[in-house]
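Each structure below appears as C-alpha cells.
Below are two complexes that have chain A in common, paired first with chain B and then with chain C.
Presenting the complex of A and B:
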C-alpha cells in the first residue's frame, strides 16, 4: 500500500489523554499532518466568577500527571496579581516540589511511554530487540518495574511536603503551607540519594555527573552503559536523529524560580544568541480551532467553544504563536536555552533522539540541582508571607512543566475571577494550523515521516509523536 | 473459564515468592479491616480462582486515578496493576496502539462476556451528543455503554466517575455526568476522591477479586470499610481541635506547632475518607499533615461549595452552632456512630444541594 492515501491515526495510547492525527500520505511518506485534540472540558470557563484562591484547587485538576506545574503557575499568577513576593524559603520548597514532579514525569515518559515501542514485534529482526523486550515490554519489562518503584519513592518527597500527590495543595502565592523540619530535610536527602542510585544503576550505568558533563555528540555516541546506552544503540540503528526534525525555534519560560535564580534560564533560541521571551508577543489564534472569538493575547483571551464544530477547523486546541511564529517547548528547549553544550549540539539535529536525550540530560542536571537546593533550605526561616487573596488586578504565572512552557493569565475584579487563560506546553507543541495556515510544531515535524507498506499506525509517526511527550489533557483543558 | 490462570499462577510466573505472597494476603486483610482469620481465605481464593479480567476505560479526566494507582504501597500491589490482574484494556499503560487497541477492547469484551469488571476513570460529557470526548471517532459515552453492557460490575474510580468533579463545576460546559447517571442497570461501586488513595483502590479491587462480590457499600455506594469514618475522626490534629487550639494564619506559630486547621477552611469534619488512617504516598503523609486543610475531594459537589478556604459551616447538621469549641464537643459525642451519622448527613446534604437536586438512581 504505497499509493497516496489518508490515514487516521488514533486513539493514541501510552500518552496522557486523547489524541487523533490525520495524515496525508504520498510516496511512502507523510505529506501533511493534522493534529486533533478530541477532549474538551472547559476549565477556563468554570473559573469565571469563582473566588480568586479557588484557582489553586481547580487548575491542578486539569492534569493528574503535571498537577504541581499547574498549581505553581496558578500560585505565581495570583501572587503577580496581588503583588506578593513569596517567602524565600517557601519559594525554595516550591521549586523542590515542582522539580521532583518534572523528574518523575521524565522517568515515566522514557520507561512507560516512549521505549516500549522498541519492544514491538516490528523490530524483531534487530540485534538490540531482545534487550529492549527484556527491559521495556509494556507492563512487564524490568526497566518499567524499576522505574515505577523509583518514581514512587521519589514522590515521597512530594507526599511529605505536599501532603498528597497528585493534586497537592501546599503551594500558595505567599509560599508553602508546610515548613519542613530538620528531620524532614534528612528524609528528603535520603529519598534524593535513593533516586540518584536508581539513575546511576539503571538509567545511566555511570555517575550522574558523567552525563551532565557530556558536551559533544561523539561522546554521546560512545555511551554504552545503562538504558541510556541501549537508547543510543537503538537511536543509531533506527536513525532517530533524523526522524521528526523540528523547525529549530525553542522557548523556555525558565524553570524553578527561587531566590538564587531559576535553575534553568528563560529565553528563546533559534540558532543565534538566546533572546528574552517577549511575553507580550504571545497570541492564541483560532483559525483552525473549534473556538469562537478572535485571536488574542491570553490576558485578553476567552474560551467560547464552537458547538457547530465548523468544517474549517479540526481541533479543540487553540494555536498559540510567539510573535507570529510556532515554537517548540520541552526539556530539550530548556537545556538549549540554558546553554548546555550537549543540548546545543543536539539542537542541530532537532529530531526524536534530541528530544528524548534532552530529557535524559535534564534528569542528570536536575538531580544535581535538587541536592544543592535542599542544602539551602533553612527550617528556621519563614515559609509563607501573609498574602490576602487579590481583590483586583491582572497577573501572569509562567513556569516550566516537564513538557515545557506553561502560562496562566488571570484577571481578578472584586475578588472574583473574571478572566483566566491557560496555555500548556502541549498547546504549543500540538497546536493546529494558525490563521495563516502554518502548521503547528508536531504537524510540521511529522512531514516526511516514512510510512511502510501496509502500516495503518506508522511506527515512525508513533516515535515522533511520543518524542514530544504529549499531555493531551493539558492541551485543551 | 477454567482455561484462565489463577492469580497465584500469575504471581508465581512473576517470580514472587510464597512468603511475599502470604505477606500480601495479610496486608490486604489488614487494609480491608478483616481479622487475621481471613488471611488463609484470601490466599485460598487467589490460589484457586481464575483471575478476573478488568477493562479500564478513560473518559473526561486527568489520569490522576491511574497515577495514584500505580504508586500503591506493597510491591505486589504494583504487580496487581502491571500483571496480576489482567488490565486487559487500559489505554494509558497497554502495549498495543491505535485501532489494534480498540480491537483488543472488543476481543476482551467478547471473550469475557458477563465476567469482567469495568473500571471507569473520568466521566462522559453529554453535551452536544458527547462530542467533547471522542475516542476512536465515537463519543466516549458510547464506548462506556458498550463496555458496560456485558460487565459483571462497574467501579467508578475517583470523583469524576462518581460525582462529576471539577469538570462538572458550574457552568459545567460539557455537561460532564457521573457514570451512575448513564449506566443504571449494573452494580456500581463508587471509589471517590481526587484521586482516590492507591491502597483504597487496590483494596477494593482485591476484595472484589478474592470474594467475588462487592464489598459492603454505604448509602452513597461507597465501600464502607474505607469511607465509613470522617477524616476528622482519626485526624492526628484532633486533640488540638478538641482543645480549641487553631492555626490562625499560614506559617504562624500555631501552624508550626501543628494545631488544628479548622479555621483555615479544613473540610475534615464533613469528609468521609481514609486519608487520616491510610495516608498518601505509601503512608507518608496526607494534606492536613502538610499544613493545608482538607478540601473534601471525596464528597459529592466539593467543587461548587464556595471557597475552599471558607470554614465549614454546615456542621449545624449536628444541631449545634458553628462554633469550633462547641462543634468539637458535639463531634466527639458522635464518634463511633459512624455510619448512622453519615447516612443522616448524606440525607441532609442531598436536601441542601438544591442546585444539584438530581435524584440518585441507585
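Presenting the complex of A and C:
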C-alpha cells in the first residue's frame, strides 16, 4: 500500500506541450487530480489590431501538430464574418488536407505517444511484453519506424496541395490557393493507397473495411492481427477498459464540412439521442485559471493573464463548459456522435481502451472517407472564389481537430481584429476546475487511478492522461 | 553525441516537422550518425521524476551534455520572472533551466524562429514577453548574452524557420557530430549557411513570371506574388524551392507567398502578410543585392516585353496558354 501523499507529475512527456499534474494519493489510488498548463503564450492578444486575414498566418502557428485544424477554424471564422461560401472544390481540398492531418496525428499518437509505455520494464513479467518491446520501444521499435515513414509519405499530400506541413497558408475563406491538376489527383490517389497498405499491413493486419465494420465489443475482443491485435491483448490484460472512465458526455462540432456535408456529424451525446451543439451555451469560466475578468461566451471573451498568479488558481487554461457542464471531446466523441455502433458500445466503458480504440476506428473510417472525397474532386473546376477580406462582423469557425472540438470566434471592425477567442479541444478535456469547483474531464477521469507502491510517476496516470491525446500548446494559446 | 531537447514557448511544430525526415527516417538517420536523445519531450520514454533525476545529473556535471536543442521562444514575463513558462514538475522557469544548462553544453542549437529570434510568440504586443535564445528579434542578446559561446567557441546555432525543414535540423546535427561546423558555417544571424546562403526565390516555379513582372492579383493565380501579394522570396533566406518540403512542396509552389519565416521579426511585417506595401504604386521591398534604379529599369522593360503566354497565365489558376511548339522543318 502506498502512503497517502501528494505527487507532482512533470515534466509530462509524449504529450504535445507542457503539462503538470498534481495528485492527491490516498489508499493506493488517486483521490484528486489538478491539471496545470504551466505555459502562457497569448495568441488571442497577439491578434488584436491585426488585419483580419493575418489570422490565417498567425493562428496555425498556435499548434505544430494540429496546424491545419487551426487554419481551417480561422478560415471558417473569417468566411462566416465575411459571409463567404468557398468554392465547392476548394472546400473538398481543404477537407482533404484537414483529414490527412488528423490521420497523421492519430498515427503519431498511437505509435509515438501512447504505446511506448507498454515497453517499460514495469510490464516485463507480462506475456505480451516482448512483442511490445519489439514494436513500441521509444525511438527504436519497429512500429515507430514504420509509422513515421508512412506518416511522412502521407504528408506528401500536404506538401503537394499545401506547400508544407505544418503551417500552410493554402486554406483561405474562399477556397484553396492551389488548383490541383489531374496529375496531382492521380498522385494523391497513389499516396492514399500507400497509406492504406501501411494501415492494413502494420496497424490492422486486415482490410481497413474490416475495422470499420466492427460493431460489438465481442468482435473487438476477438481481433488478433496487427498492432490492433496487440493493443486488444494488452488492454485486456491491463484492464484498460475500466481505467480512466470519463463522465459520458461527448461533444463533436462535426468534421470536414464540404458540399456533401460533414463526414462525421456534429452533436452532443450523453446516453440518449444525439442533440445539436448549443454553441450559445458555451462559456469559459476563470475561477481556477490565472486569468482576470469574468466568465463569458467566446464571442464576448477576453484574455487578461493574471500576472500575480493567484493562489486560488493553478492553470493558464480556462475552463470551458457547455450549458454549465464539462464535456469530453476527441475521436471517440466524434465516432459516438456520428453513431458508429462500435463507438456506441465503447461509450459505455468510456475509459482508456475506448479512447484509443476510438482513434483506431477513426483511422479506418477516415481512410475510406478520404478515398471517396478525392474521387469527387474535379480538377476542371474552380478552387477559389473571389472574396474580399471582412471589414466588419463577427464569425465563428467550429471544426474537429484530431483531439476534438476546436472553435475560433472573431470580431472584425474596420478590417481589423478587435476580438479573437479560441477554445481548443484540450482546453475542454484538460480544463481546471470551474467556478463551482467541478473538476475538468481529465481531472475527473484520474480519480481512482491505481498508484503502485513506490511509484512517483504512476503508470496508470500516464495511460489515462495519454489516452486523451492532450495538445497543451493549443490549450495555452 | 547526446542531445537534450527542451521545448520552451512554441508550438512543437519543429519537432513535428523533424519527424517528416525521409530516406532514412529521423530515428535511423540520427542513430546512424551516433546521435541519440538523452531526452526529448515528444520522443523519449522517460517522464516525470525520471526526467527530473536526469536533469539533475546533467546539471551536476555527472552526465556530459553534447548538444542542447531548444525549440520555442523563451518567456521573460511576467515582469522578468519567466514564470509564464515553468518546466513542469520542477518549480523552475524554462529561462532558469536554459541559463543553467547552456554553459554545460558542447553546442547550443536554437530550433525554429521562436527559439532563434522570438518568432511568432513575440507577435503584436508580445504578451508573454518572449525572446530568442541568443537574439531578441534582430538584435543580438536574448535569454543568453550576446557574447555567449559554447564549449567549442560557437555562438548559439540558429536554425531559423517557421517551421524548420527537417533536413535543416538533421544536417546541422550531423555536421556537429562530424565536427564539420565552424563559425564560418554560420551567417550574420547565426543561421547555418548550407541553407541560408540560398534565397527562397532560387528555383521558385514562378520565376518565369518574375522575370517579366507578370503578377498574380489574388491568391490562387499562377503569376509572381511579389508585386501584389506580399511575397518576399527574393529577400528571404532558405533553400525551400531547391530542396522541397514534404516531398516536393513549398509555399510558393502551393500558391501563397513567402513570408520570410527564416528571418528575425517576420511575425510583424508592418502590413498584411499577403499584401505588398507600395509607395506610389511601386513595391517598397526590392530583391536582395539589387540596385534600385536597375531594378526599376529592368522591371519596366521586362513588363513591356511580357510574352502573351506569360501575361495570360499570370492571372489564371492553371495553365491557360501552353508554350508554343517549334514548327517542324519544312
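Simple rule for what comes next: the second predicted complex is superposed on the first by the 476 of 477 C-alpha atoms of A that agree within 3 Å, B and C clash if a C-alpha of one lies under 4 Å from a C-alpha of the other, contacts with A are read in each partner's own complex, and residues count from 1 in each chain.
FYI, a residue touches a chain if its C-beta (ideal position, glycine included) is under 8 Å from a C-beta of that chain, and two chains touch if they have at least 3 such contacts.
As the structure is a computational prediction, the values presented were derived from the model and not from experiment.
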- Looking at the overlay on chain A, is there a clash between chain B and chain C, or do the two fit? clash
- Query: What is the contact status of A:210 with respect to chain B (first) and chain C (second): first, second, both, or neither?
  - Reply: neither
- So, A:279: does it touch chain B (first), chain C (second), both, or neither? neither
- Task: Please work out whether A:19 is in contact with chain B alone, chain C alone, both, or neither, and reply first, second, both or neither.
- Result: second
- Task: State whether A:265 touches chain B only (first), chain C only (second), both chains, or neither.
- Result: neither
- Query: A:368 contacts which: chain B (first), chain C (second), both, neither?
  - Reply: neither
- Message: With both complexes overlaid on chain A, does A:292 touch chain B (first), chain C (second), both or neither?
- Response: neither
- Query: Which positions of chain A sit in both the chain B and the chain C interface?
  - Reply: 8-14, 16-18, 20, 38-42, 45-46, 49-51, 53-54, 56-58, 61-65, 67, 112, 116, 119-120, 137-140, 144-145, 148-149, 151-152, 155-156, 158-170, 172, 175-179, 305, 307, 309, 316, 382-384, 386, 456-457, 462, 473
- Of all residues in chain A, which touch chain B in the complex? 8-14, 16-18, 20, 38-43, 45-46, 49-51, 53-54, 56-58, 61-65, 67, 87, 90, 112, 116, 119-120, 137-140, 144-145, 148-149, 151-152, 155-156, 158-170, 172, 174-179, 305, 307, 309, 316, 382-384, 386, 456-457, 462, 473
- What does chain A use to touch chain C in their complex? 8-14, 16-20, 36, 38-42, 45-51, 53-54, 56-58, 61-65, 67, 108, 112-113, 116-117, 119-120, 137-140, 144-145, 148-149, 151-153, 155-156, 158-170, 172, 175-179, 181, 305, 307, 309, 316, 382-384, 386, 456-457, 462, 473
- Message: Taking the touch rule as given, give the residues of chain B at its contact with chain A in the complex, in rising order.
- Response: 58, 60-68, 70-71, 75, 78, 82-83, 87, 91-102, 125, 127-128, 131-137, 165-167, 169-174, 176, 194-195, 249-251, 255-256, 275, 280-282, 284-292, 295, 297, 303, 306-309
- Task: Would you pull the chain C residues touching chain A in the complex into a rising list?
- Result: 7, 9-17, 19-22, 25-28, 37, 39-52, 75, 77-79, 83-90, 120-121, 123-128, 130, 162-163, 218-220, 240, 244-257, 259, 261, 267, 272-275, 317-318
